[in-house]
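Next up: the structures, one after another.
What follows is a pair of complexes built around subunit A, which joins subunit B in one and subunit C in the other.
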Partner chain A sequence: MKSILLVLAVVFAVNSSSIFAQQKLMDGQRIAEKTHERNEGVTLKRNLIMELKDKRGKTRVRKTIALRKYFGKEKRLLIFYETPSSVKGTGFLTFDYPEASKDDDQWLYLPALRKTRRISAANRGDYFLGTDLTYEDIKLETKISKEDYNYTTIRIEKIDNHECYLIEATPKNIATKKELGYSKAKFWVDSKLWMIRKSESWDIAGNSLKTVKISDIRKVQNIWTIHHILVTNHKTKHETVFKFENNDYQTELSDDYFTEEALVNGL
Partner chain B sequence: MKQNRVEAFFNKVVSNYRVILVVCALLFLGSVMFLPKLSKDTRYDAFLPAKDSVLIKRNQLKETFGLKDPMIIAIVNDKGIFNKNSLKIVYEISEQLKSISGIDPDQITSLSTENNIVGTDSGILVKPFYDIEELTDEKALEVSKSIDDFELYQGSLVSHDKTTTLIVAEMLDSYDMKQHEVYNSLHEMISQYNIKDHKFYLAGEGAVSGYLIKYIDEDAMRTNPFAGLVIALILIFAYRTIRGVLLPNLMVLASVGIALGLMAAFGVDFFVITNGLPVVLIAIAVADGIHILGEYYELAIKHTNYTQKELVVETMVKMWRPIAITSFTTISGFMSIALSSYMPPMIYFGVFGALGVLVALLYALFMIPSAMMLLKPQKSRVFKSVDKVDKFGNIMLLLGSFVVKQPKTILISGILIIILGIVGALKLLINEDRIKNFQSDEPIVIADQLINNKTDGTSYLDVLIETPQNEDLFKIENLQKIDSLQNYIESISYVKGSTSIVDFIKKMNQSMHENQEAFYKIPDNNQLVAQYFLLYSASGDPTDFDNYIDYDYKLANVRFRMNSGEYINEKEVINKAQKYINTHFTSSQIKATLSGKVAVDTHWISKLGVNHFLGAIIALLVVLFVSAISFKSLIAGVLTVIPVTISVLFIYTVMGVMDIWLAVGTSMFAAIAIGVGVDFAVHTIDRLKYFLNEKKLPIKEAYTEFYKSAGRALLFNFLALALGFSVLMTSSVPPLNQFGFLVAIAVIVSFLGSMTLLPAIILLTKPKFFINKK
Partner chain C sequence: MIILQKRHWLMDYRDIYFSKLNAMCFLMLFTNGLLCAQNNKVKLESSLVVASEVSYEFKSDTFQKTELILKPEFVLKFKNRSKVVLKSQVYSEFQDNLETGQPTELMVSGFSKRIFIGDRTNLELRELYYYANLKKIKVSIGKQQIVWGETDGLKLLDVVNPQNFREFILDDFEDSRIPLWSLKTDFKISDFNIQLVWIPDNTYHITQDFNAPFFTKNMFKTPPEGMSMQVNQTKRSTKFVKDSDIGFKLSGFKKGWDFSLNYLYYYDDLPVFYSNFNDQATAIEISPAYERQHLIGGTFNKVFGSTTFRGELVYIFDQNFTSVKIINQGIVQADLYKSAFGLDVIKGEYIISVQLFNEWVTKRISPYNRDLFETNGSLLASKEFMNDNLKAEMLWVHSFNHNDGYVIPQLSYWLTTNTQLLLNSHIFYGEENLLFGQFKNRSRVSMGFKWSI
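Presenting the complex of A and B:
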């Protein structure tokens, strides 16, 4: 609560001529920036379990080990599949560059072929490995983009009893809209933790597309950590649950893990 | 019933004529009220009962793989479709389709919606064939090359000569009975595209159903009033009085109105062949009225001093029996269709046809005498005196004298027809094609032909592949089985192409090996297949393979495309495919089941032949039974069925000569022809027995009496039936057209048989039933 008061005080000071209703709420762009200012640790090792469910209720479960490390502002992510056995050992490596102009690099290692394949620069709006989140969603995780949208702060709402800013986002231009695959989005950002707790998005034609719910946020090694994401695709009725277990920020992860060679050799 | 009891009964009827008329009117209005509820079902699925195992399997398949009856739009540019302009049109139509109600926006397949799988030097890329913003003529040529490299889409999405491309749009299930609305929207949409060099066509299973709803509506609007008009004209000729035209017509109206009204009330759908029912009922129902009025006018001449009540009661006392017998034989005909058929449309045709005839009988027995009570006694100008015969009577007398002179010639002709008929029956071709429901110059037929000529075709055979465990479809041996099945079935005539998950796996394998053609094959390890799918998901949509494989990788659908919808061609494919499955899919590890339109069609049409002959035999037996009981003589019963048997056999010869298929519409002719045609024989035997046995007239005199009275009434009965059924020949729905033609011919033959062969046989054999030899 203190931080909110502080922010409110700042807004008052900066923009004292505004009417009261507007003064009360924090600027959306500022909220977006705040989500990037959180402590995420440098390295993170965790188990990522993806449960994919189609509209008939059939489920595919994929258990993976996921490693993440920041190299300055560059983020590298490595995922190894453990089950089902048919894809065991399949590895996925991605380099997210901070510069918007530079395409991210992605590789997939197929043990059955004993070959690493580079995945040609995926669209940011492409679906991530059969889930309902896009590459962009995965990259941001609990953050919201600082560059892509114009934000309007609507009001304060409670999600799971946590006070959140509800902000509405519209892509800055048509190119961004097409690239992301969203014509509009709403984010509920926790006003204390600066993490998204919920989001809704609409496709390019304006149809309701997805609802994302993030839950079970608790501190691990003194860092606020998410443990559960539920994504519902309203168009395809497809659903994805991401579960994060055994989150570990302390184990040192050597830079060598995040290379093409390590992808082949495994953990 | 004893004569005096019958008289007492009809006395009661005419005394309570007001009540009866009110009840009749209420019954009619009460039924007709439901008519707006009547819904039309023109899908080919409608030919199977909802609990049929083949249909259930097919619906499961549709549900699992999201398959529905498609609307197919063909875009033709004779200069080739791989240019900026044509591909832009493909894009625009595909986008526009998404907003048309009834179309599933996620199930549109076209060059602009599908993804290309490209092998790059470093990996694999899934991306749309083209991006509308970057589309140029050069890019369009690249799309052409992509299709060259993607066997799967050759023939299915783009014709081999590259002049035609298809847009396939699946309909939402909620539009099952409203395909015509979707058809109309689509038709309107494509007619707005008026672009140089481009032609647009609309076909596909969904379009055929939609078109058919519109088509049979328009047809009914034309044939039903026309049938009424024809009947009215015949009645005018028969009696030249207003009541003589009006009363039988009221009966007809009641029969048709109540039969259809009750159909609606019971929630029975209106099928394509149901369209023939009103016309059939019009022709049949009027007969009772003709006979009653004929008798009435004859009595009016004989007994000028009778009151109207006396005239009416005496008419009914004389006529109730033949009318009841003929109605029951006709009902038997309809019921034999209902009993022998497996297909709901035919069962309902039989049931509601029988109901209509029953209503006509009840209205003849109650409504006509009651309505007559509102009127004064009247003579018809046609019936001038007891002894005077008009020209229609004279025609019949002429026929009578020929029979008396040449009985042997007639008998030999009868035997000849029987022999020819048996030969014809053995050569009957059972066949059906839904597109033959339309005249050959209808736009839907032209579109269908074009698409079948240019591409792999619009008739689908789906094969459901089932395995016991999750991910069993990653197994190489299973994939190879599917591949061999595809190769085999594609080698059968009329099968032009197929699509399965195997095709995508091969394409992925090729892409992963620098696009080398040698790698367009199933890879050789299970894990690799699983990993290809994972790789694909790195840039493709999660739902991309929904139409081909289920989420557990346990079930797969293989879709074969045929360019013929004819039963005999489909049957050939089904038989061969089933034989192949029986020998190659024997293990419990992988199962294959034939399904889809082609399998469903074959399943129900294969029952058509057996149903037809069974229906005809049941009808004959029931008619034999009813007449033998009524006449209390087996000989009389056998004689009754002779003319109809000959009429049916004659039709087989006609079908053989004119190359008419035994199909849905035509297969019903025999039972109807028997039930209706037997009336002539019943009246003939009834009257001849009366003149010969009861009045004990010498043969010549008895025959003269028969031909000038009963013969004349039968002539009008015959004209009403023959012309009534001929009205169906003006129908633009070919199966109804042929049905009408066949029944009309059968009616002619059974009328002539009853008027010539039957008296000839009696003359030659002199059975005891007619001639007391004592």
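Presenting the complex of A and C:
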């Protein structure tokens, strides 16, 4: 009898610890929302350096200046190419609206034509300027979409000695899957900073597509800031390194930076 | 027989006055910028682009051009977002084929002429302007390009600056567009951006001599048989203020629509060829003159899903046309309406762009070598490969009225961070008296590179 009670006690203890562990895991949707709640400052000026490396090891470097400002909940982003000099002045302006149903507005200034081209923002899954991140990835700035996926929290794992929630994301419907170009994704989200430290994604056919590793996260002007992203495309064996330098949240960026006229006149 | 009168170009008082005034304005603003800069950080940025292209002409079995272009650029930036921009160019064409000898550049104002070193090399001040950011108003003064419009390939509103037709319209517009000494201001009224332009620099299109590969012969009527033709000196504008071009652009962005309204009071960059019989009626005297006209127009664009819809409309008052008839000095006037509508579809690495151009002469006249209603179309298809390392594109421009046009297939490849290789072909087709068809013997294949630091 004693032994039966002992077994029951052990089973109960194991079950209750397991239930407790599950209760500790935060809901995936809530984790996604938390990534949007972190402090990003109102304005940000920084150098964005993109290193594109193909499977043979050939590396091309693109240096840009990126400006970002929140106008209420609307975010505006301006990127200017600095090198190579033959494409210097190429500018990219985005108005990112808070309403999920409203497409962003985007303009591309081409100095070779001296003309501004209005470009569609509907193709969220298109790759951004030859890199391995999509326009949607760039727009989210290591946040996780609140609207596109159903989330399951898998467990807590450590990435580079930082405790992260591992959540699995599946697109809510086939249309979203096609738009994003992902059939599934996994995100490792830092449980203290609410920033992604790693992600993996699979293409529409279910094949492993990309791994994103984010490192060198440190405070700049009291705001946690990412300084290095490595994206590896497993299908093409292409890699992109994004380096963020001279991050500055304090320089005032007047509204007229984020206009079509500023695209033409440059910085 | 064509007799070209020998003309000498002298810098007239207008050019001298104009040069001085421009220099004074430029110096005042630049000094102002430097005074501001004393309390601010000043940053000098410099770059150099080296481009070379070799073209082989199919028909003549010879090289059409072998060019090398150096483009040094300096930008002096002040902390208040003001800047001085200097862009210059060294151009060498080793065969001296496209612009033979040292062109007199009669259509270029004295202050904007290139400096020729021998027959094969020239130096050009492409741009030198001071951009002043005065918070509520932005001012650009100096030699610069002012570009209006939405279309690719053919120009409707992009007429503020003239063009060098050394390679007809095959050269990049960035290279063929002639920067002008001008003043441009931008300011906001409510949600609208207002741009005012003042252009006292009376430089016109650089058209090519009769023996040049890209001489546009379709513009000239052949004289009656047995009659010679004499071309007199071109009559140019001479008043600095009175003859300057002025214009404005009002632009805005509302409910997803980009739009602009444009107005320009300007000299047409092509001369009007007035023709008269000489006293003995043995020759036709051509007296070219640049004439003024008014232009109003506008642009719009909006994105629908993956597609951008854009358009450009222009109405020119009293456009001069060479007439098939010899009355009224062989010239007839009519208002001209032009429109262009385009669709750009972007899907992944694919871009398809279609444009439809219409020109409508609003009076029943008899213009030489053109119809009263003309339609041109263009199709651009491009795809990028290997993370934008390699780009393949094809542009096709076609005249539906005359069945002439041209096709440009092109490949470009980034060899390294700073080096891009280019391979393309320009193929003209159509009858020889037509705008595009006249150059079918100029069809060519080209290869080149761009390197920058």
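As a convention for this text, the second predicted complex is superposed on the first by the 246 of 267 C-alpha atoms of A that agree within 3 Å, B and C clash if a C-alpha of one lies under 4 Å from a C-alpha of the other, contacts with A are read in each partner's own complex, and residues count from 1 in each chain.
To be clear about the criterion, contacts are C-beta pairs under 8 Å (C-beta built on N, C-alpha and C of every residue); 3 or more make two chains touch, one makes a residue touch a chain.
In this text, all values refer to a predicted model and were calculated from it rather than measured experimentally.
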item	value
Three-chain arrangement built on subunit A, subunit B and subunit C clash or fit	clash
First, second, both or neither for A:129, with subunit B first and subunit C second	both
Partner chain in contact with A:217 - subunit B first, subunit C second, else both or neither	neither
Which of subunit B and subunit C A:154 touches, first, second, both or neither	neither
First (subunit B), second (subunit C), both or neither touched by A:86	both
Partner chain(s) touched by A:65 [first = subunit B, second = subunit C, both, neither]	neither
Which of subunit B and subunit C A:48 touches, first, second, both or neither	neither
Which of subunit B and subunit C A:260 touches, first, second, both or neither	second
Which of subunit B and subunit C A:108 touches, first, second, both or neither	first
On subunit A, positions contacted by subunit B and by subunit C	52, 54, 58-60, 84, 86, 111-113, 115, 117-120, 122, 126-127, 129-132, 236, 238
Interface residues, subunit A side, partner subunit B - complex	52, 54, 56, 58-60, 81, 84, 86-87, 90, 92, 106, 108, 110-113, 115, 117-120, 122, 126-127, 129-132, 205, 235-236, 238
Residues of subunit B defined as touching subunit A within the complex	64, 98, 106, 120, 122-125, 471, 474, 512, 523, 525-532, 534-535, 537-543, 546, 550-552
Subunit C-facing residues of subunit A, complex	52, 54, 58-62, 83-86, 88, 103, 105, 111-115, 117-123, 126-127, 129-132, 236, 238, 240, 256, 259-261, 265, 267
Partner subunit A, residues of subunit C touching it in the complex	47-49, 51, 73, 77, 81, 131, 138, 140, 145, 147, 149-150, 152, 172-174, 177, 186, 188, 193, 251, 253, 256, 258, 301-303, 305-308, 310, 344, 346-349, 384, 386-389, 414, 416-418, 420, 450-453
